[in-house]
Structure formats: structure tokens, C-alpha cells
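Data block below; observations after.
A, B, C and D label the chains in the order they appear, each numbered from 1.
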Amino acid sequence: MINKVQGLQTILEMALPDQAIHSDEIPWVPQGERVWFKPLRFDLVNGRWINLLKVSGGGKVNRHRHSGGQVLGYVIQGSWRYLERTWVARPGTLIYEPPGDIHTLVVDGAEDMLTLFMLEGVIQYLDDDDNIIYQDDVFTKMERYLNFCKVQNIEPLNLRY
Amino acid sequence: MINKVQGLQTILEMALPDQAIHSDEIPWVPQGERVWFKPLRFDLVNGRWINLLKVSGGGKVNRHRHSGGQVLGYVIQGSWRYLERTWVARPGTLIYEPPGDIHTLVVDGAEDMLTLFMLEGVIQYLDDDDNIIYQDDVFTKMERYLNFCKVQNIEPLNLRY
Amino acid sequence: MINKVQGLQTILEMALPDQAIHSDEIPWVPQGERVWFKPLRFDLVNGRWINLLKVSGGGKVNRHRHSGGQVLGYVIQGSWRYLERTWVARPGTLIYEPPGDIHTLVVDGAEDMLTLFMLEGVIQYLDDDDNIIYQDDVFTKMERYLNFCKVQNIEPLNLRY
Amino acid sequence: MINKVQGLQTILEMALPDQAIHSDEIPWVPQGERVWFKPLRFDLVNGRWINLLKVSGGGKVNRHRHSGGQVLGYVIQGSWRYLERTWVARPGTLIYEPPGDIHTLVVDGAEDMLTLFMLEGVIQYLDDDDNIIYQDDVFTKMERYLNFCKVQNIEPLNLRY
């Protein structure tokens, strides 16, 4: 019958520090026309990253495939859908996108959408003939953030934890 | 030089379906005094789960340790902190809790807090002498949800995806 | 103080089945000149896969990058190295390859190597000018396996668990 | 149409280092009667660890549950089974143990078994009445390794990568 927590001293000595990242201290980085992201974590051990995505009313994220990892999203504000699906995301909707998923994000209304995304693997943007025209992963997202901070003369946060 | 997306036919035939879970269709399950959770995903392949946590003003989640997995949280509404830390979470704060982390969640103000948590591993609730008094994992959380639905005569959603 | 395992009934009713996959029941699928793989798991929830890799003496896996996920390897037999590194893998060596890693696998000696690899994300094969010439992920590896079984008239195992 | 690898400069500057850990440089740490483990990785970001397990002929790993994570195993040498299952593991068998799995490992023959295990979550050892009598996670395994090295006057490797 166990009582005491085991390994406590080792935890106290060796566990990694926790992190609290305040998104209002991070700039919106332009990602495309009427689309911005705000990074919250670059996990270089696992190749994952977390970002807020903002798309203004009538905006669109071009057709893309998620290769080599799953995606989870949680809608904070506004409404949006994938052209290839029948469901509509609204505040409080959790979205699971399996590896391989291909879709085009559109905001039909006038209201901005704001969604938290936790991503793994690679995002491959496709043209109408299924050619890959651009790819994103944890490194390209980090690069965009760091370059934007440099141009804007903003001190970047260390989000590699 | 690659052009076409590779493996497309296999994706179309075999990829898992995506999911859109609307949290306003799921009940608040009581977790303790002034504390509720609303499950959004039970991932039985990996032992992870996702839930919203609601703690009303002045409420508290007793001191606990996260063993065997990391936790990510994103604050939707309200403000809270861990008694053992100096930072205060507010809307838009992302929290990373490493494996082994021990803390006590308190809501100081009168406003309810609402936070999205993605959890792995085991939650071990501790008394003042570091004895484990209760444990939660993906199965106990699922059990609480299913039992609550049964008692309330609510049809449970299939959140095992 | 906890005694009984919690959630036991829910585990018994809902936990996924375990799996024991015998690699001697799976064929070697040609991957390139003097290179073969034998798949052991296609995890479509997470976009991961597990395979044995066999490279015969003097063989080579062309320069490639792992994008969007980590790789773990464990050497069963033989010896090999990455042209870009100084360490040499031998039986019993565990290799961790972080997201972004770029390398060229060579077997210097005459002995075949056999290594277990657990992969995530996307493998991008590069030419000398860093152009991507081919990509692999969990779906292309599954496709190669299924196509090989069809051509060879072998009944494929269901490795999607 | 993409050509060049994207984010290459950021990878070169910021990617984590790879690791090659030679298991013949690590001692066997006693885990129980006729049972030893040899740690290869303590992943404190995710709460996972990798170890070789050695059980000598006629040996046994007591009944235990894996809570809060999955387990993968690959048999290097010898043969073993779980009392609760019908399959028998042999060299080249890959085992997937889902979260919640409960089992008792036995080596029926006289030959030692050697198996690579990749573990997540918590291992809970149970008595015949399903009481938890001991728990292991990434921290307790690391603690056992470090304590054993201290007692044996061995310089421990840094396996926290």
C-alpha cells in the first residue's frame, strides 16, 4: 500500500521548470492576407508548436495538408469552417485533425476568428493540382517569428521550452 | 524536385476522420467543491485527455502532482495562480507543467475561471504529508463523465477518438 | 491514502487491446539499392510509424532531413554511421535524432546492419543543392508496404493500431 | 513548387543535438529478483523513458498496470509472455501496451530475456487484491539509476535529453 509520493527529492532537484506565457506580450506575426499567428511554444524536442491563429472576416488559409502529425484546435472567438467539411467551428469547439488531413479554412462572416492550435509534423500548402508550394514546420514558424521581431525591433521571448 | 503530394490515395482511403466537438453540448461534471470539468477528448491510444476546467470565485483545486506526463493549459476566462508559484494566469496565458510538477490551484477573485487543459499521465492528489489520497487518469475522468451522464439521464458523446 | 486501483471497471470495458507483432511474419520491403524496411506499426492517430531497417554491407540511405518530429533508433545488428557525425552505431546503441536533423546513413563494413526505428513527422530526401526530391511519412510507408504485398501476393497484416 | 529545404539556417542554429548512447557503457541496475534494467533515456519534457529490461530464466515482473501512457517493447533475445495473454514474445516481436494495461511478465524457459521498452506514464505494481503497492515513473527510474551509480562508484551518464 503506497503512502508517500515516490521520487520526490529527484523531482525537486531535476524536474524542468514550469512556464506561464502571456499571449498579450507577444506580437501578431503576419502569415498571409488577413491571417496572423502568435507563437506560444516551440517544442524542439518533439517538433511541435503552439500558436494562436487570427483570421479576419472574409479571410482564408489556403488549402493545405498536415503530414506526419496531428493537430488540435480550440476556438476562442468567431466562427469558421473547412470548405471540405460540413461542420462549423464556433467559440468552444475543439477540433481534431488527423495526420494526412487536407482542408481550406474560411471565415464566412465579418467577425475575426481567434483559435488556439497545437501542431505537430509539417504543413504543406497545395495548389489546385495538388502540388506542394510551401511547407511549414516548427523551425519555419520560429524563423518567421524571429525575423518579424528583428524587423520590428521587438525583443523576442524564448519560447523554446 | 517534388511536385505532387505523395501518398494521397492512401490518405483518402485510410486516414482517420477529423472531429469537431462543441463544448456547449457537453455538461459540466462536478469535480469538487466549486470545481467542474467538461471533457472534450479521451485519447485511449496515448493515455491523454482534454477538458475544460471551471473553478468559481474563491475556489481551489487541492495540491496535486502530475506524474508521467506533461500538461498544457490555456486560460479562456478569469484569473488564477498556483500557491507554489509567483506568476498569475489571466485570459490568454499558456501554461506548461512539466512531468513531476506539484501545485495547488487557487482563484483569488470573485470571477469564475475557465481554462482548457490537455493532460497526460496521472494526477495524484496529496495530503499535507505528501501521501497520495486519490489518483486520476484518462480512465477515471471518463468514468466520472459516463457516471454523471447516467445519473443525469444524458446521452454521453463518444469522445474516444 | 489510496489502496485499490481506480477506474478498473472502465479499463476492463474500454481499454484498447494490446498487440504482439512478430517481425518474422512480415516481408522485407525494398526501399532502395541495398536498403529494405519491415513495418511493425502504422500509428494513424499520431502520424508515427515503427519499422526495422536493413542495409547491406557498403549500402547507404541518401541524405535526408527529419521534419516535424523526432526519431529514435536501436541497433540490433551490424555497425553504421552518419557521414555528418563522428559517432559510430553498434549493436545496443540508442540513437535520438531531433526534429530538423539532416544526415546520410552509411554502412562501411561488409556486415548487414539491422536497426529498429520509431519515426514521426516527415522524411525529406535532399539532393546536393538541398532540394527536396522525395518525401516519406506514415502514409507513403504504408502505401509501399501494401503495394509490395499486392505485387507479391502476400496478405498484409493490419498494422494500424 | 518547392525546391530548397525551408528554415535551414534556423535548424543549423537552433536544433537540438543528436545523441548516440551505447548501452554497453551503462550498468545493469537491479530492479527485483532476477530482474534488471539499463536506462537509455530519461525524457523529462514528456515524462517518458527508455530502458532495456533483462529477466533471467524462470524470472518474473510482478503484476502491474500502466496508467496514463502507452508502452512499446521490442524483444532482442529470449522468450517471455504475460500470464494474462495468449501470445508469446520472441526475438523480433514488437509489443504495444495500451494505457490501462494490466499484466504479469514471466520467462518460462531457462534463457535470459532482453527487451527494449519505451515507456510513458506510471507503472503501478498491484497485490492480489488490486491494491497499489509501488509506483514507478521517469523520476523513480532515474533515482534508482543515480543511486546505484553512487553506491557502485560509477560516473552516471547524462541521459536527460
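The definition used in the following text is that a contact is a pair of C-beta atoms (placed from the backbone, for glycine too) under 8 Å apart; a residue touches a chain by one contact, two chains touch by 3 or more.
Predicted model only: the values in this text are computed from it and were never measured.
Least-squares overlay of CA atoms from chain A onto chain D yields a rotation of 180° to the nearest 5.
Ranking all chains by how far their C-alpha centres lie from the centre of chain D, first place goes to A. Looking at which positions face the partner, chain B and chain C present mostly the same ones, since more than half of the interface numbers are shared.
In this assembly, the C-alpha centroid of chain B lies 32 Å from the C-alpha centroid of chain C. With centres taken as mean Cα positions, chain B sits 19 Å from chain A. Residues of chain C in contact with at least two other chains: 1-3, 7, 11, 15-16, 44-46, 98-100, 131-132, 135, 137, 139. Remark: chain A residues 1-2, 6-7, 9-11, 14-16, 43-46, 131-137, 139-140, 142-143, 146, 160 touch chain D in the complex. Taken together, the chain A residues at the contact with chain C in this complex read 1-3, 44-47, 67-70, 98-100, 120-122, 135, 137-139.
Residues 2-5, 7-8, 11, 15-24, 40-41, 50, 65, 72, 74, 76, 85, 87, 89-90, 92-103, 116, 118, 124, 126, 129-132, 161 of chain B are the ones touching chain A in the complex.
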